[in-house]
Amino acid sequence: MLFQVDMVVNIPDSLPKEQADEIKAREKLYSQKLQHEGKWRHIWRVAGKYENISIFDVKDNTELHEILTGLPLYPYMTMTIRPLCRHPSSIRDNDK
Amino acid sequence: MLFQVDMVVNIPDSLPKEQADEIKAREKLYSQKLQHEGKWRHIWRVAGKYENISIFDVKDNTELHEILTGLPLYPYMTMTIRPLCRHPSSIRDNDK
Amino acid sequence: MLFQVDMVVNIPDSLPKEQADEIKAREKLYSQKLQHEGKWRHIWRVAGKYENISIFDVKDNTELHEILTGLPLYPYMTMTIRPLCRHPSSIRDNDK
Amino acid sequence: MLFQVDMVVNIPDSLPKEQADEIKAREKLYSQKLQHEGKWRHIWRVAGKYENISIFDVKDNTELHEILTGLPLYPYMTMTIRPLCRHPSSIRDNDK
Amino acid sequence: MLFQVDMVVNIPDSLPKEQADEIKAREKLYSQKLQHEGKWRHIWRVAGKYENISIFDVKDNTELHEILTGLPLYPYMTMTIRPLCRHPSSIRDNDK
Amino acid sequence: MLFQVDMVVNIPDSLPKEQADEIKAREKLYSQKLQHEGKWRHIWRVAGKYENISIFDVKDNTELHEILTGLPLYPYMTMTIRPLCRHPSSIRDNDK
Amino acid sequence: MLFQVDMVVNIPDSLPKEQADEIKAREKLYSQKLQHEGKWRHIWRVAGKYENISIFDVKDNTELHEILTGLPLYPYMTMTIRPLCRHPSSIRDNDK
Amino acid sequence: MLFQVDMVVNIPDSLPKEQADEIKAREKLYSQKLQHEGKWRHIWRVAGKYENISIFDVKDNTELHEILTGLPLYPYMTMTIRPLCRHPSSIRDNDK
Amino acid sequence: MLFQVDMVVNIPDSLPKEQADEIKAREKLYSQKLQHEGKWRHIWRVAGKYENISIFDVKDNTELHEILTGLPLYPYMTMTIRPLCRHPSSIRDNDK
Amino acid sequence: MLFQVDMVVNIPDSLPKEQADEIKAREKLYSQKLQHEGKWRHIWRVAGKYENISIFDVKDNTELHEILTGLPLYPYMTMTIRPLCRHPSSIRDNDK
């Protein structure tokens, strides 16, 4: 089951740079592990922004909640979440 | 070069049903042709809405403009367009 | 899997009253059938408004989409949809 | 008498973690006590958010005010409150 | 139990003037009857606008809903409704 | 001459509690003095909020400005001000 | 007593041109009469818009209401009204 | 050439009172000098707000920019700027 | 003196196609004449939209007003206008 | 390929003045280098604001992203980005 999630990152000035870098490194590992598992289908950078647009494939709302709230950068993100379903014009079998 | 486009469709009551159906049929053909050519990468339905979220892969802004304004349903759509680029955490080679 | 849906109804003046009444009668039947099946868990009227707040229990986004777009009043509704999950403080076993 | 309340929680970074945890523990007890008394009818987590959607059953606006302002997390919450009433299509006797 | 209701009136050009006048006359009678009964406590015109701000004293949300949806001008109104309670600084015994 | 004023109070965490309490005590005295003088006609608490809705009866805009900016809590308030006048349907002689 | 009023004019296509011209001619007379009386202090066109910004000098909210609702173009205007008072830095005696 | 400028002042708590008072004193001198020169045509206080509405008469956009960014309170202001021109109904020769 | 103007075009369905085409042809001539005169410095299409972003070089607000309200498509446009001035980092002598 | 970028600068009070000045000096050099290379086509100051409107000419979204995120003032900017293409009425050959 697919969801589009838009994540805007806003790291406060008060967070020390080393701590921010450590969180970002964990974020990257976390994201890539979920991408390898097929749960984080796509991730794109919005040009000119510290913001990404992602597609998740999860079994239900609870799994989506656990994945998102587990993000190392979660406390610094503002999220917009939209449930998706297959489009009748789609020709891609797995874009359901 | 990738763009995310969100299309909200709003067909007025005054458009006769046969005419609307004919436009929708042309829209589907138009969309699928561009999907087969690889220019319309993804299309998903937003659950509960007459709205889709799409990813386009075009060579420049002008090609995007021509594709979008050529949509049979274009006069009845409200669009939000966002330029995308590769995310440094992405593991998918073609999500550039 | 639960979703909260807020539905604002706006029937245009141009729709003849008998036709509106017939649609509303079908809407009621459709809603009550889904309530009996357990898929439309709750429906409340927002005081002073032609608007309801509902809780749906569906197996996935696609089923939600089919239920909502099948509503007889769907063409006259503006919807806000939010995916829900169990709250860690909830004491009700079935509010998952 | 029913009210829907949407609560968005935003705990500032400046609040020490132990203090935040202690407030959250009191919040949970407070919520569950009111749920057992039947005044806090439902509570759901909004997927991906530190936010809940709740249904309260109170005898009047004053009782609602006292319950909400008594929440241990109240100073860190942004609330949206909507008065509800029975929907004519509802089949649940107690969803009044 | 008190509610503040803000009513913005927007009568479409397409409604014949006689019909509009007849509805406004019924609106005035309806409002004054409820004022005499003590249920419509206050009504003020917002200066320069076809809009009023009113205070209702009802026994519950359902009575408020019935009063508001019974307004002859209801189909042409946009309403904002806010539940009120006694302010701790108030010196007026009946502004509860 | 009447004005409706909506006051949302937002006291920052950085203000020491004793100082906040002292300001609130002065606010209450200030409000009740103006209520006794008939200039602050009504004050209601918005249910669930640290916010009030008030009706002022002043001789002109300048008097309104002086009363509002003189509020001890003024630096912590966001205000919405609307000029009112008598409603043609009102039956209360002094709601002018 | 001064008020700033911003008036955005939006004349619908369905109004015949002669009728619109006749209303605009009456609007101009109405405005100039009030300017000569000193009640409509200033009127400026917002560059590039069918919109004006005006300053009114009236004895109370009721007079403002009567002047504004008496405008021939009133049914086609959206208004924003702000009560003004003398600025402590002003050097103009009559900008009170 | 006229511009309307709306200035909302928001001085942070962290600015020491003496420093704020000194800035306000310079602001007043600056404003009155420009009023005497005829460049700052009008300034009104918005009732109940720390906000003014002003009319400037400058020779071009650059002069407007220099005047506004030269305001001692500029770092604490949020501005809305609108270019004005003579209204065809105006009877005041210098309201051009 | 420079202004940025954003023009969103929205031609209603009710306008006959030949009439719309005739207006657009006049619009093009009007625009190109002003471009040749140097008053309409730049015009770009916003990708995917019936909208343009333009830079005008005019002698004052009044000339801007006359140019914009003289556009054949003016009745179908929504405009956003921003006064510009030379940027201190600009290296282009005529971008003043 | 052209993009319009609107940049609003908001430097926090907590940044020491020398540090802010050093960043602004680097920003100017960075901007002028890109202007000389032809990638930063235009930059204008919005009158009365710490904000600019710029036109970039880049080969793709990725180059735009790199240029913008490389701005020394980037952490203090809020950006709005719009893809542009040639307008059919444009007479300037290089405004493509």
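By written order: A, B, C, D, E, F, G, H, I and J. Residues from 1 in each chain.
By definition in this document, a contact is a pair of C-beta atoms (placed from the backbone, for glycine too) under 8 Å apart; a residue touches a chain by one contact, two chains touch by 3 or more.
What you are looking at is a predicted structure, and each value in this text was computed from that prediction instead of being measured.
S.K.: Approximately how many whole Å separate the CA-defined centres of chain D and chain F?
M.R.: Inter-chain centre distance comes to 28 Å.
S.K.: How many angstrom between the C-alpha centroids of chain I and chain C?
M.R.: Comparing mean C-alpha positions, chain I is 45 Å from chain C.
S.K.: Note the residues in chain C that touch 2 or more other chains, in rising order.
M.R.: 2, 45, 47-48, 61-62, 64-65, 81, 83-86
S.K.: Using the definition of touching given at the top, classify the network of chains in this structure as line, ring, star, complete or other.
M.R.: Its topology fits none of the listed shapes; call it other.
S.K.: Which two-chain combinations touch?
M.R.: Here the touching pairs of chains are A-B, A-C, A-D, A-J, B-C, B-I, B-J, C-D, C-E, D-E, D-F, E-F, E-G, F-G, F-H, G-H, G-I, H-I, H-J, I-J.
S.K.: Can you check the complex and tell me which residues of chain C touch chain A?
M.R.: My answer: residues 1-3, 60-62, 64-65, 81, 83-86, 96.
S.K.: What residues of chain A sit close enough to touch chain D in their complex?
M.R.: 5, 12, 14, 61-62, 64-65, 68-69, 75, 79, 81
S.K.: What part of chain I is in contact with chain J in the complex they form?
M.R.: Of all residues in chain I, those touching chain J are 2, 4, 27-28, 31-32, 35-36, 42-48, 52-53, 55, 82-92, 95.
S.K.: Chain A touches which residues of chain D in the complex?
M.R.: My answer: residues 13, 45, 47-50.
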